[in-house]
């Protein structure tokens, strides 16, 4: 894999059939849709991919099928976060065997742990990983906001980058600043809204959930930010904000981003909107509303 | 199983060998120690049992061995909380096949979910459970503080009680008040400090971590509270507070309760203090300190 | 003043006329109502007294009139908490000149400060206070949860007690435990629900908001707890819980306790329900609801 | 006053003499330093100005002296936030009489209030204000994060802008988006780090604390952002980040920004570093450290 990881790397949702099995045809449609849209990598089994909600069997099947369909056209990153170290390694090895390119690792998320306990965890786990890894900061799910010293320690232990989904822009800028002399350590934002700023200020890319459905929009913004084309940036940022105010704005649940993403994909005919428990697909009223929202973005379908 | 679940029900730690395998001899020692100490039930694979940190294989082995050793002398409750519904059911069925008496279920703990999403989760999951279940409120780990309406819904769906580890006494009193006309719905506190008040005010029992090492102390306080023996209650409460100020007071990590419990058990010669990742056993200095603390409670060894 | 401060000490609301001036007749009615009901002290200008919402002029008038009406029948405690040290001392001196008995002091509440900054604040301020003081833990308003070391420091600097309104029972028990050899240091709970437990376990009293309207209920529970009369305690606790589920349960605002208290007092004909900005009296629908709730407590009117 | 408020508007610290009185000479030095540095307005009695910690007398003196020294060269904005409505209006009228240009109003900050209570508060208070006002979002001090509907309501009630110090960039972008068709409603960030992004994306200015000591740095960044001069923006942003990592990085207290700002000003010979209670000036060691940090920014002195 070419380093550093960069560009638009959608956190791919996991297409499921109504009976809970993997929707292999939907997965194939989705991967083609994103690659055709210009994405620079695919991140499977993250939060948006409902990773922790899936059985190990389904996770392994998803990895294998994704690797097969992607066929090395773009890098495949695989989330291995788990509360059990054994489970974590099981997925990591499945990823390596299937030909994935890198792993993504957030803190184990049941026990509230300290920064020092997280460092100890990395020291024991990382030497057993069969692939390079990115550290994943996701405090709203894991309850641990990785501090800068922990991230530095992760990098010393071999991390090739960080995916930061804290939504904390001061922190993101601190990351960029801290690692500015380490050009091979990728700073990837998990907040779509920060895409322009991240690139503009020296970051490497964005794990943008919206690139599941409108990959061209996010890729265009990435390209404009790289080119310092301020006029285009302004125009595209407005579109990204509009996604926030419409597609991501149905109901009040935190899950509305992930549920909304699958809903758009089903409207676009790419895959079904079945969710893994504990999440649930939108009801008829919300789907109707989503249809009207999707129509606002015709140029990006 | 006699209903409601009541009395002192230790959240059993999971004895592990230095190589991470189950310490069957330590498990046997521990179970005998607790039953001899008078406990009224045993709760395996809770937070203190490091349930989510263990592989499914190890969890199933623990259930089987625990059921064999307990041999129906007291009820065995098994934690089945998991982020994957399939994993959750796998443990539930292993518990039923091994002869466990009830299940304990907290919200799936990766995705932040709403009360309504939790109710939907229960509606889908509970009909598939092979044993009666208690709902488990553990917001510091799961991020969801079950509201009263959700608990009522859980009861309508068949829950035989609640284990509340929120540490929120107003909430606990509200639970007791809400279910006072449902004598078969057990209100069990997960906060050792609230044991006396819980019993005094109409609750049924306590999942007291300290009953792993000093079962007699917590059983004596339970008996005194049932007998309204205020003098004894006062004396015993002071001892319970002393556990807080000494044994539970080493370091600042949230994990110090669980790590400290295994440390005491290793000092008492009951089992090893190996922790499951991401936790780590105390170092030499802390173990020395613990030895001096344990010595303060000679009468309860 | 006899030490320690103890018993039922209502956090007196401040009766206001519709034009925002002090309702002296209402104040007189209220004080007679509470003293007749058996309270052991009166705390003016706390949170329930809307202290920080009142001008210094009105605060001083309230102190003077309260002292005149109480006429030393019970101790008068005066809240002096303020963000400006000068304002704080101005109220303290007015209290001393009017014949108040003690001061109550919470952290200055605009700037988020550390425990060490709070200790420094006390070291500079306390020597200038003209009366004994109680330290006041009220984290939901001040953003600072006083830790045990800070409370100990406050006591070394002369505090004669603490009013704890954190709602954190473990903390309250720790306070009782920490100061058990300091019988002149009063541990007063600000959580009505904890009244029984506080007295039972060695605390001294309760700043119970409900004693504004039903002083006899809270005094009876205090007496029962002192006498270890468990049957009576049970009965009275149920009534106190019923206040929570009815009178304190109108709407969702944190202010519903204070607004609800004035509403009950206006229904009882004791004073008007005018609130100081930013709070607002209940509307007609809510007042109707409150009337039906008040009727449930006829025996305590 | 020309609308909208825009540019660099330092939240001026309040220079105090060691005896706590206003340091009029220091105030004069500071105002000249900032105006010479090119600032576009001055905001007195905000959080950085320790407004709530000062007596009304001192606040009024500060307003009068500031207005006299500024002499209409730039707009003077005055913070009137107070827990007492009367106090709030007293400062507002003093500001109007002294010739200030606008008021800045955050929620009353003792009682935790709801959005609806905040709207009611504005509806009652705003008609009594003698000058135009900006609404001030400062959740870390006031505990209330103004939601978009509340800000819109504030605007309908006459607000000419918002100062947002939430540090929440998604929120800031939502503000810009919400009011993009209201060019006279100023969106001012209170987070120095967001200065470039705010201007770039359609916001109007920054209340940048660092412009107390290095006004030229922040003004230069503002100018570069207005001119879309990306190379300059990059260079200057790095300097602003360096302020964060040095000057704003002494100790762990939230107050380190304000205490640090006065410390720099005393090193630059502009005014003393006396703080209003509850804050305290840095000790000798920290001042030494600050001297070395200040030396890093020689070009901006």
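Should a chain be cited, it is by its letter among A, B, C and D, assigned in written order, with residues numbered from 1 in that chain.
One rule holds in what follows: a residue touches a chain if its C-beta (ideal position, glycine included) is under 8 Å from a C-beta of that chain, and two chains touch if they have at least 3 such contacts.
Every value quoted in this text rests on a predicted model; they were computed, and no experiment measured them.
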| query | Quick one: which chains contact chain A and chain B both? | reply | none
| request: Using mean Cα positions as chain centres, tell me which chain lies farthest from chain A. | output: C
| Per the centroid of Cα atoms for each chain, what is the distance between chain B and chain C, given in Å? | 37
| note | Taking each chain's mean CA coordinate, chain A and chain C are separated, in whole Å, by 51
| Which residues of chain C are in contact with two or more other chains? | none
| request: Sort out for me which residues of chain D touch chain A in the complex. | output: 167-170, 173-174, 177, 191, 193-194, 197, 200-201, 228, 230, 234, 237-238, 241, 244-245
| task | Would you mind writing out the residues of chain D in touch with chain C in their complex? | result | 47, 50, 52-58, 83-87, 107-114, 116-118, 120-121, 124-125, 140-141, 143, 252-255, 276-280
